[in-house]
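Structures follow.
Look at the two complexes coming up: chain A is in both, with chain B in one and chain C in the other.
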Partner chain A sequence: MTEPLLKVRGLRIGATIHPPGEKSRHIDIVHGVDFDLAPGRVLGLIGESGAGKSTIGLAAMAYGRGGVRITGGTVTLNGRDILSTPFRDVRRLRGGEVTYVSQSAAASFNPAKQIMEQVTEAAIFQGKFTRKEAEDRAIALFRKLGLPGPDTIGSRYPHQVSGGQLQRCMTALALCPQPDLVVFDEPTTALDVTTQIDVLAAIKEAIRDTGVAALYITHDLAVVAQVADDIMVLQQGRMVEMGTTDQIINAPKEDYTRALVSVRSITHDEKTPTQTPVLSVTDITARYSGTDFDVLKDITVDLHPGQTLAVVGESGSGKSTLARVITGLLPPSAGQITFAGRPLSPDLAARSKTDLRELQMIYQIADTAMNPRQTVGTIIGRPLEFYFGLRGAEKQRRIQELLDAIELGKGFQDRYPAELSGGQKQRVCIARALAAEPRLIICDEVTSALDPLVADGILKLLLSLQKSEDMAYLFITHDLATVRAIADSIAVMYQGRVLRYGPKSQALSPPFDDYTDLLLSSVPEMRLGWLEDVLDSRKMESGGN
Partner chain B sequence: MHPILLLVAQRLALGLLLIFAASILIFAGTSILPGDVAQSILGQSATPQALANLRAELGMDQPPVTRYFNWLGGVLQGDLGTALTNGRDIAESLSSRLGNTLFLAFWAAIIAVPLAIALGLIAVRYKDRWPDKVISAVTLTTISIPEFMIGYLLIFFLSIQLPQLIMSLEFLSDGVRGWLLANLRFSSVAMMNDSMSLVEKIKSITLPIMVLTLVVLAHMMRMTRAAILNVMQSAYIETAELKGLGMLRIIRTHAFPNAIAPIVNVVMLNLAYLVVGVVVIEVVFAYPGMGQYLVDHVSKRDVPVVQACGLIFATVYIGLNLVADIVSILTNPRLRHPK
Partner chain C sequence: MRIPLAALIGLIFTALFFGAALFAPLIAPYGMAEIVGDVWEPPSDRFPLGTDSIGRDLLSRLVYGGQTTIFIATAATALSFVVGSVLGFFAAVSGGWIDQTLSRFIDLIMSIPTLIFALVVLSVTPTKIPILIVLMGLLDSTRVYRLARAVAVDITVMDYVEAARLRGEGTLWIIFRETLPNALSPLIAEMGLRFIFAVLFVSTLSFLGLGVQPPQADWGGIVKENKEGINYGIQAALYPAYAIALLCISINLVADWILGRTTSLKGGRG
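This part shows the complex of A and B:
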């Protein structure tokens, strides 16, 4: 057997954390991980947040983010232990032998410099290529990665290209110095599904053609199944299971892996529409002040009591703007909204307290939606005071009921948001909305920032609350799996218009319009060869036309 | 039109509007000052008739709005009026004073700005290590001491103690001692006249330059440090680190270009201070600049001079802040290279 390119033995990683108001203390993030990576192979590292995937990926570059320290074990790259190498030599290796592709290319490119300069910088600085050679290589990579205008795109600035294009530029940046190993850290997570599929195909082809080895880090098993040869499943800094992609996907040995593979097990029977909708949006057109185009054009949708309307679309399609219009934050330029049988004032300031109470909202980032200096009890208690004037023991009793409803125990009342996990924070936000006893809750990407298993729990909670409290949900999301799981009716949005609207069973069955077809077929499926199948069928269609 | 030109034009128009507003404030402010100019010129024993005549002569009997526009019209044509106390043309007396103030501010800035930015960069490079702490401690100390105090301390040590120290060094030959005394002479009075050569002038204002440098250093150094540290949190700095680049190269080529806007802002604020805030230093070193001129004439209730000085100070202040705004716009890649 050939000598592995990367050999990791007993890797232990820790960090010093500084919780506010407490003494700083040391925590362990990775507790002894071993693996080998042969030249030209792709290893997928998969796990939920906190599993230590990115930390392990960066350790392959002898790098610790923030206060992270590698505390034990060995990392051998090309036969050399890089953890005991002097820093000067480690620097020669970064950007030369091993390179990095980050999750957010938009943040990882320097806004003040041209793309070409940044793509070629490492290759030139490490003395691998002359400027001319490096630029020729970059242009060839731009072409291979399917970027438009490969000869000129390098002279642009990062803000002048789209997110998907920038992610490909980042891949070019990593491949330009001709490294032996590339660490891909969630490279497609921040992209829309329709963009993700193209970037994924470009990355896969580039890996195959250059023969580079890769660590591919992601939380999305369906994505990693398309690119990796082997997969290592991680949970809380420990290896759960490692095997070939085929084995992990089709015959997982451990319970945790099985849970990851079978996630999204929710079944939900579609309810039939009732006579009178709780919310009617009619011919809404809206634009932001100071702009000259409509973000929403002639939107008409109905939402029936106790049901869920899923609004689906990619970023920029206008779904969140629709929420802003319904909540009154952005008065529309035309159209009406009827809520619970009465017309809803377009302007927030003119709405009655009942309007405010009966229409609640839950946000994507629970972290920023709560005051970090208030306890959970204060956060949930506020709407009880404001809408119902509850005080003292009665308020305490109601807070307790709400905490029970969101499946958190008594002890949570005195905790601060910083002491909660991501899923628990989102539950507190749900309880706060619930406290107002609303008829309608607008859920804006409420599960997008959560791990799949945690998101699953939140969706189950929302569904059971809908049944017991008879609330309607307007559910904004870009995730079609979530839509399938919870929607009664669906509105597909694209460039400010509703392209498709109807009960779930109709909206998700053919015949499809082109965009909905593209959207549905772009959602990664958890099977080997899915990516090739989709690309082949698309090629055949475009060839047939 | 390129959107950036539009933005810059907007800023310039706004700046002019601000200067206009400042001129109204200055005029209104000096008009409501207590006391009567005619009285203070003619003294307590003047007859009412004489006072009325003088007022008419000075145009003081006209309504304030008319007087304001007469004054503004004159200013726009370069006529700042005549000083009440000595009857001399204000523009003429001011020009040499303003020249002296700008000369001092210029040399202080030439030393202080690069020094502050360099110290800021060093502080970032050695963040939380001893060079960072020493730089912070020293600059914070100098900014905490009142500037007249720094001035007197420097006079005490450099003008008085240093020559005595050199004299007492007996191991030095007379020649060396003489050379040291001649070249390490720090004048406690910053004299200034047209017959002096440039080198002589700079030598004469060495101490005021030192004081001003010490006073403005801390603000600029700390803002440079903070702005660059802020940028150093960005993901693209991590990208640069993972390219294997060295720390100084990262700071210089990746962090600094993105930190220019806040740094320029604080630099301009301090430059404005060097022009309009040096009154105390000019008094300490008896330097013939604008500040002293202003203070003299405030005490004599010479309103036209106070107005002229106020307007010039306001213009300098607004102008320098305008420059900072425009540099911020020009260094923003999103504005410079629109989609």
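This part shows the complex of A and C:
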């Protein structure tokens, strides 16, 4: 066997945390991880947030982010221990032998410089190529990555290209100095599914053609299965399992890996629509003040009691705006909304307390949806006090009931949101909505910010609450797997219009319109070769037409 | 609870200053306006800091002066914070034309130099302490308004404020229960600073003869009365300056510490 390009032995990484009001203390983030990476291979690092995958990725560049220190072990790159290398030599290493692709290209590019200058900077700085050579390489990479106008795109500024294109520019940036190793840190996580598939394909092809080795970090097993040769599963800084992609996906050994592979396996049988919908949105058109562009155009959907309507679309399709219109935050310019048989006033200020109570909302980011300076008891208790006038012991009893309903036990009442985990926070937000005893809850991307296993738990909770409390959900999401799991009917939105609307079975079966087809086929599936299959079938279609 | 050393020093000196101000009659060896010695006597056993330009005990003047200065500054700061932050939060929470009208009006007032504005007002009103306090408080509240509004604008776009609006909460709840607790940290840091500015401002006014009127003592007035002495190498005018500097540093040490504690998201229980 050839000598590995990257050899990591007993890697320990720690950080000093400074909890407010307490003594600073040392915590371990990574507890001794070993792995090898052969030249030209791609290793996927997978795990939930806090698993230490990004930290390990950066350690391969001898870097610790924000106070993180590498406290033990060795990292050997090209036969050299890079952790004991003096800083001057580490500078030659970064951007030369090993490069990095970050999650948010938009935040990583300097907005004041042209793309070409940034893409070629490292290659020229490291003295690997002259400016002319580097620019030729960059253009070749732009072409390989399928960027439009590869000869001229370099002269644009970062804000002049789309998010998916910028992410590909960043891949070109990482490959330009001809490194031996590229660290991809969640390169497609911030992108829409329809964009993700193109970027993924471009990255995969570029890796294959340049023969570079890569660490591919992501929380999405279905994505990494398309790109990686081997996968390492991490949990809380420890390795759970490592194997070939085929083995991890098809024959996982550990329970944790099995759970990750089988995530999103919730099945939900569609309910038939009832006679009278709880919410009817009729011909809604809306625009933000000061613009001359309709964000929503002639939206008509119905939602039946105790059922779930999933509104699907990519970012910018107007799905969150629809929620704002229904909640009354953005009065529509035309159309009307009927809620529980009553016409709903377009303006929030004119709505009755009953209307406000029966229509609740849960947000994507639970952190910002709760006042950080109120305890869980206050957060859940306020709607009880406000809508039902509950006080004292009765209020406490009801709060505990709600905490039980969201499967949080005793002792949570006095906690502040900062003392909860991501999933617990979202549960508290659900309890707050539940406290109002609503007929309809608008769920705006409620699981998008959560790890897959936690998201699964939230979805299960929502489904069981729907059964017991008979509430309707308007479920806004970009994630089709979630839709399959919970929806009774589906509305697909694109550029402010509803392209497709109907019961789940009908909406998700052919014949499809072009956009729905694209959307459906872009959702990564947890099997090997999915990416190739999709791309092949698309090529055939476009060739055939 | 452990108090860091810097905060402890600040706390001790601040407490000393405020204690001296509260118990001035007990601490001062002589009366405030009592002439007890010769002009500008050097420090001695009888007069620890010497005497002033007409033979009053300087230490007593300084203690009584501190009482006046600290009282005026405290009252003015409190007034400026109540007025400035409530108006600032109100503007941020309301938005739209209310915000515009209020903000432009505040800009208008801020465009006039504070000292000139105060001098003009004080030249036509009787120079009494309540008037001084109200004037200083209102003038300073423009700065507090700016800060409070800027902080609150960031808070009012948070989802939890939107959630409160959707629940049907009134403006008062949103201002006092959702916005205020989250805006407290920068406001408290600002409060230390504004208090010091208030001390300087009232001292300036007194030095110019439009603030506290003799024979009542205040630090600015003591500098004014003794400024001629500097020509003869007499330190009398410098003591109030030392007092102002020391108070300034101590208050800020305390404000920094409070800031650190209230930033804690566990409600400062830690």
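Going forward, the second predicted complex is superposed on the first by the 545 of 545 C-alpha atoms of A that agree within 3 Å, B and C clash if a C-alpha of one lies under 4 Å from a C-alpha of the other, contacts with A are read in each partner's own complex, and residues count from 1 in each chain.
In this section, a contact is a pair of C-beta atoms (placed from the backbone, for glycine too) under 8 Å apart; a residue touches a chain by one contact, two chains touch by 3 or more.
Computed from a predicted model, the values in this text were never measured in an experiment.
J.: Is A:Q126 touching the first partner chain B, the second partner chain C, both, or neither of them?
T.: first
J.: One more residue to check, A:G96. First (chain B), second (chain C), both or neither?
T.: A:G96 sits against chain B, while chain C stays out of touch.
J.: Just to be sure I read the superposition right, which of the two partners does A:A112 touch: chain B = first, chain C = second, or both, or neither?
T.: It touches chain B, and chain C stays clear.
J.: Where does A:A369 make contact in the superposed view: on chain B (first), on chain C (second), on both, or on neither?
T.: second
J.: Of the partners chain B and chain C, which touch A:H159 in the superposed model: first, second, both, neither?
T.: First partner only.
J.: Mind working out whether A:G79 is in touch with chain B, chain C, both or neither, as first, second, both or neither?
T.: Neither partner.
J.: Contacts for A:P511 in the overlay, against chain B (first) and chain C (second): which applies, first, second, both or neither?
T.: In the superposed model, A:P511 contacts neither chain B nor chain C.
J.: Is there a shared patch on chain A that both chain B and chain C touch, and which residues make it up?
T.: Touching chain B and chain C on chain A: no residues.
J.: Can you list the chain A residues touching chain B in their complex?
T.: Checking each residue of chain A against chain B gives 61, 63, 65, 90-96, 99-100, 102, 104, 107-113, 118, 121-122, 125-126, 156-157, 159-160, 173.
J.: In the complex formed with chain A, which residues of chain B make contact?
T.: Answer in residue numbers: 234-236, 238-246, 254, 257-258, 331, 333-334, 337, 339.
J.: Any idea which chain A residues touch chain C in the complex?
T.: Its residues touching chain C are 19-22, 327-329, 348, 351, 353, 356-357, 360-361, 363, 365, 368-375, 382-383, 386-387, 416-419, 432, 436.
J.: Using the touch rule from the top, collect the residues of chain C that touch chain A in their complex.
T.: 158-160, 162-163, 165-169, 177-178, 181-182, 260-261, 263-270
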